[in-house]
Amino acid sequence: MSKGNFTRRSMLMASATTGAALAMPTIFSSAVWADGHTGFTNAPGDSSVTLGFNVPQTGAYADEGADELRAFRLAVAHLNGEGDGGMLNTFSSTVLDGTGIMGRRVEYVTGDTQTASDAARSSARSMIERDGAIMISGGSSSGVAVAVQSLCQDAGVIFMAGLTHANDTTGKDMRANGFRHFFNTEMTGRALAPILEGLYGTDRKVYHLTADYNWGWSQERSIRAYTEGLGWETINSVLTPVGAGDFSSYLTPVANSGADVLILNHYGGDMVNSLTQAVQFGLRDMQANGKNFEIVVPLFSRLMARGAGSAIANIHGSTNWHWSLQDAGSQAFVRSFGTEYGFPPSQAAHTCYVQTLLYADAVTRGGSFNPCAVVEALEGFEFDGMGNGPTLYRADDHQCFKDVLVVRGKENPENEYDLLEIVEVTPRADVTYPVDHPDFAEGQLGTCNPGA
Amino acid sequence: MLGLKKADLRLFLIVVGLVVFAPFLLNPFPESVGMAQFNAGYPDLMQKLVIFGIFAVGYNILFGLTGYLSFGHAAFLGVGSYSGVWMMKLLTMNVIPALIVSVIAAGLFSLLIGYVSLRRTGIYFSILTLAFAQMCYSLAYSVLTPITGGETGLTLSLSDPRILGAAQAADGNIPAAHIFGLGMGESAELVLGDWSFTFNVGYYLSGIVMLVAFYLAIRLFRSPFGLMLRAIKSNQTRMSYTGLNPRPYALAAFVISGMYAGLAGGLMVAMDPLAGAERMLWTASGEVVLMTILGGAGTLIGPILGAGVIVYLESIISTINSSVLHGWFNALPDWLENTLVNIMYPFVGSGWHLTLGLVFMLVVIFLPGGIVEGGKRIAGVFKRNRAEPSGDIKKSAEPGE
Amino acid sequence: MEAIILQILNGLDKGSAYALIALGLTLIFGTLGVVNFAHGALFMMGAFVAVTLKRVLSISFDTIDETRIDFLGNPMVVSTPYVEVWFGPSVGGTIIDWAVPLAVIVAIPIMALIGIIMERGLIRHFYKRPHADQILVTFGLAIVLQEIIKAFYGANPIPTPSPEAFIGSYDFGVLLGFDPFSIMYPYWRLVYFGFAAVIIGAVFAFLRFTTFGMVVRAGMEDREMVGLLGIDIDRRFVIMFAIAAVVAGLAGVMYAPILSPNYHMGMDFLVLSFVVVVVGGMGSLPGAVAAGFLLGVLQSFASMSEIIELVPGINQVVIYLVAVIVLLIRPRGLLGRKGVMED
Amino acid sequence: MGILEVKGLNKRFGGLQALGDVNLEVQESTCHAIIGPNGAGKSTLLNCLVGKLMPDSGTVMFQGKDVLGCKPHEINQMGISRVFQTPEIFADQTVLENVLIPCFAGRDGSFRMRAFESIGSEVDIISQAEEMLREVGMHKKTDMLAGSLSRGDKRRLEMAMSLVQQPKLLLLDEPTAGMSRADTNNTIGLLKEIRTSRNITMAIIEHDMHVVFSLADVITVLAQGKILVEDIPENIKGHPKVREAYLGDAEV
């Protein structure tokens, strides 16, 4: 060890002792930064602001995570005035002018959720603690969203949820610092039921296969409530382990059960496998109770549909957004995204892009990065031009209310992106549910937490 | 002093020093340079480094001493976490009861699993533990959701019936975990020029617990009990014909390591009150095996080093993305910058698993004794060359065994 | 009754995959004494041979079709596979359609080569090392292999359908005297079962009726003895490893239409296969096969809704539960021999 | 009354009668050898004595206590120590530690958690172990890894591990198998020395007649699972039945 080193170290030690002594009377709490101390966690400096994008980079949802990240990069570019501006040009609020957020250049850090609540929280924490991220966004599952949302609440930063579809995110587990743009299983039920009635009538017998975890149960409960409301009878409902791979032993009993509709409350790899295998087992070609046997996949995703190949033909489901929408906002986004990356964005990419812009907009309108100001600006915010028609961020539960798409798997897709066609755009009024809906009842927002 | 031999005492003091000064040691780069990416001195990572240290030190008592390769220790960590959160939900946000109950619950659970699994040895034992852990994971993820929170994980809510303490803090939020009023999230910040060092309450609590756990492990290693555990690994037949019953010894080691795992699990939720089912997955058990072997199974300091390296790699490498890489090399000519970024990109960010896989293939192939053996070899080279005995690796490695 | 027959079919099908992987694992363990955690990765790579072949056969050239537009409103790029140009659209189309069966042929040399490289490059250095080291190094290798596959093919499952001719189901109902349509089973799954039976039969015949096989079996009984006889074990080890890799790879190729291949399918099967091997008895080939089918069938039965209602969650844990019970009652597994892996 | 009494011991393996009505009595302070051709049942008998095998019928009494059904470690704790054909030692541990383990077993019993005491502070135990090592001439190798010892030293070490327990009965399973003539003689010397210095009762199973006749006070000849004859060495040497039994066996 050289002398120079030694000197420096002893200097550090000395300062450390002083620092500790100063800290003794009142231990500072988490966000006492030397500069820019304005009373909330990770207050940005004058030149830049850091956002944290927490997406699945490994694990089964890695492709979806990669698409989310593309959208985030695009959103950051547009906020900083690079590229063609995308939805900034169609957004009904016009305070964003391509100079970053409140004059600060937007920078971002990324983390890997691994689609596991532990890992997701840990990477979110490190982005907050190490990189000074003031907002966390992204994710591809409800478990992760709920876990990260409660972390952000405790840490005093804003959470703009990515793809999360279970009711709990803005129901039982809602938090004041968290916001969800994506739709939920209740909305899926409301949007899908009338279409199913029109297609398959009111006299149907349903068999549910449900992924055995929170989202699966949420999805089943919602769709069941609405199909039973149509007069459909639920014959059976079987829970399948997540990642089962081979669903044959769950699918074979369906044919002889007397059911004529199979609802697959599966997502991701489970959906790909259960749907393809259901088709392999001939359920699609079967007649039951004198009717064509039908399969319904309540939550459709184009990225997943690709994995199922031709099995998706004529299968109905719901989705948050699809690139073939013709409104100006969607078109602008697809154009920017497609030009940048060469293929159209997924619904996950869309929701992440929109969430980033909404956050930036709320900060600007609220005039502060303080999470409480952001919460105030977002609560009850009405906007348009983001691809789903007029949209409301409801103050009571921080859920966005907007149009929901009912889609169908195309029979003869033109190319590998053209897999779904929009059957119906269910208007916002039809999917809006009351604040005191029993499936959402237990939750409490609490109050916004700016950290300290 | 402390009932330790000189070499052990020195090792212990080194670890004490590392723990105390970690906020400095882990933040060697000033904030503004690109290398700051490699800084690890923030609470989440520092806490994880010591918590996984505890986990690995405990696992080493089983695997390193008795040679029983358990693939199910993550289950005990999970049980510790769940019981910790439940204590915080039901009793108090003070972490002490949570930690105590975590250790007890994990101990009881490991007694049960160990009693059954230890009826077999070799890979049969490994598969039994794996089977139990996978069952725990699957059930926790699905059927046991009311107890475990399922996919989301078990977390606190505003309506918890906390007996000693309020369900909500004054500001209407969930109260924070604390130790006698000192919040786990509270930190003191020390800014020196371009450096900033964070001293976090949670980290120092974990650190102290880790030091106690490590101290107990040293005592155990040097005790007659430790001798017997090594005898199990060495020759079980001889052991029983020497009048010793290997089963209760192995079971005791199993339970002790299970309690260490439970303690680690309890600390995890004390630092961040959410217990996810994934921490019970068999790959999580595999990770602690790796930590132990990477550091050097059967050595004192090895597991701590192994845990440090793996946790650090996971946290740091996985957050390096392409823009960070471009940031590092942007001084270079474009073609060189792009080439370097393209070479490195598959190994960082989402590719960190690849790096992890490679690292431990290399370690197992070339350094079966782990980092400690590597340190010894380096030390050996230095001694042969009669060079100044210096270097941190040597210091920490030398008294390992 | 129909339900039971169907679940037995399901179980045999699942069991076929378990048995094929477990067979390779046991071969490697029995002859080489190596615990190979990368075996699942070989299965996965087999499946990706099918994916790759399909892609190779579909290599296309692009033409721009001005009459159609793509999603951005630009003229559409239309790709035509070269195979279709060379052999005409119908023959070419058939070749692409038959990619999976063709991949079986391609996979044999590829998997053998992968096996040889693995054995020569890595595994052979671990014959004398503790089992824990073998587990770790092969586990590391498995991670590396699956990450490489992920880097090239992404994380999403890739649909790899069976040939058109095998799409659809066979009606066992009539054959067995039940109502028509009551027992429908997809052709491809029946093919898979038959294929597995052939492979298992071939491996057993090989071990039984060739000199090579006899030496190998003798080696599984007593390695030192065979070594003392002056037989060149080394060369045989390579071949055994290659055979095990081919068996796992073929199991993967043929499984691709059943389960759209993804990069982590190997890990998913690995743990189960290990449980299968241990339940069957380390080092026992018939044990591995029997346990594979047994656990496959049990798992299928446990997935019936009647059973799940009775014992919630049983479908998730049945294999592990059976493993625990078997190991506690029969310490060495169903057909295990004494003294194997008990150190 | 003998220190060890075996009565009517029977053990079948499938169709093979490994032991048929074996009666044996080992007298205190004697060296009792059990010999017989290959497959005579010597090892089976030994394994029944130490708890590794359970006979189908019969009794084994050690100092008036029933041994059958006890686990190996319980039998050892009663005072029966065993030396193996190939030395069984703790190869990964040092020579000293190898001897410390039986010392602790002797003092603390078959299981005791002493997780916080330091071995270094167990002065009595350490000196006991060191003394024992000196007695077998291994005091200069205390820090070596046991696995790296020569075969002869391993045998000495194993002997030390048994003797330090001060067993009431020492069972030796072919202690010189595979040894050179010189090593064999050394071992015989060692055993003789132990007998005179410690007056330990020994039961020895052996192929090598040289060893047997150098050590034994009484010899029992076993053939096809049955006791052929039991007598003092002088009478065994020329016994016609013994010759007959060994005739088919090349190792007479």
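When the chains are written out, they are named A, B, C and D in that same order, and each has its own residue count from 1.
Definition applied: a residue touches a chain if its C-beta (ideal position, glycine included) is under 8 Å from a C-beta of that chain, and two chains touch if they have at least 3 such contacts.
Just so it is clear, the model here is predicted, and its values are computed rather than measured.
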item: Co-neighbours of chain C and chain A - touch as defined; value: B
item: Most distant chain from chain A, judged by the mean position of its C-alpha atoms; value: D
item: Top-ranked pair of chains - ranking by C-beta pairs in contact; value: A-B
item: For chain B paired with chain D, centre-to-centre distance based on mean C-alpha positions, whole Å; value: 46
item: Where chain A and chain B are represented by their mean Cα positions, the distance between them in whole Å; value: 32
item: Chain centre separation (chain A, chain D; CA means) in Å; value: 73
item: Length of the line joining the C-alpha centres of chain C and chain D, rounded to whole Å; value: 52
item: Contacts with two or more other chains, residues of chain A listed in rising order; value: 58, 62, 66, 212, 239, 241
item: Sites on chain D at which at least two other chains make contact; value: none
item: Multi-partner residues of chain B (each touching 2 or more other chains); value: 138, 142-143, 353
item: Interchain contacts (touch definition) - all pairs; value: A-B, A-C, B-C, B-D
item: Residue ranges of chain C touching chain A (in the complex, touch as defined); value: 2-3, 6-7, 9-11, 13-14, 68, 70-72, 76, 150, 154-159, 161, 167-169, 181-182, 184-186, 188-189, 257-260, 262, 264-265, 268, 299-301, 303-305, 308, 315-316
item: Contacting residues of chain A [partner chain B, same complex]; value: 1, 12, 15-16, 19-20, 23, 27-30, 32-34, 57-58, 62, 65-66, 109-112, 114, 116-119, 121-123, 125-127, 129-130, 141-143, 146-147, 150-151, 153-155, 168, 173, 176, 212-215, 239, 241-242, 442, 444, 446-447, 449
item: Chain C to chain B touching residues, read off their complex; value: 35, 122, 125, 129, 131-133, 135-137, 139-144, 147-148, 151, 267, 271, 274-275, 278, 282, 312-313, 316-317, 319-321, 323-324, 327-328, 331-333, 341-343
item: Chain C partner contacts - residues on chain B that touch it in the complex; value: 63, 69, 116, 119-124, 127-128, 130-132, 134-135, 138-139, 142-144, 282-283, 286, 289-290, 293, 297, 346, 351, 353-354, 356-361, 364-365, 368
item: Chain A-facing residues of chain B, complex; value: 24, 39, 42-45, 48, 138, 141-143, 145, 150-153, 155-159, 168, 171-174, 176, 182-183, 185-192, 196-199, 201, 272, 274, 276, 278-279, 315, 318-319, 321, 349-350, 352-353, 390
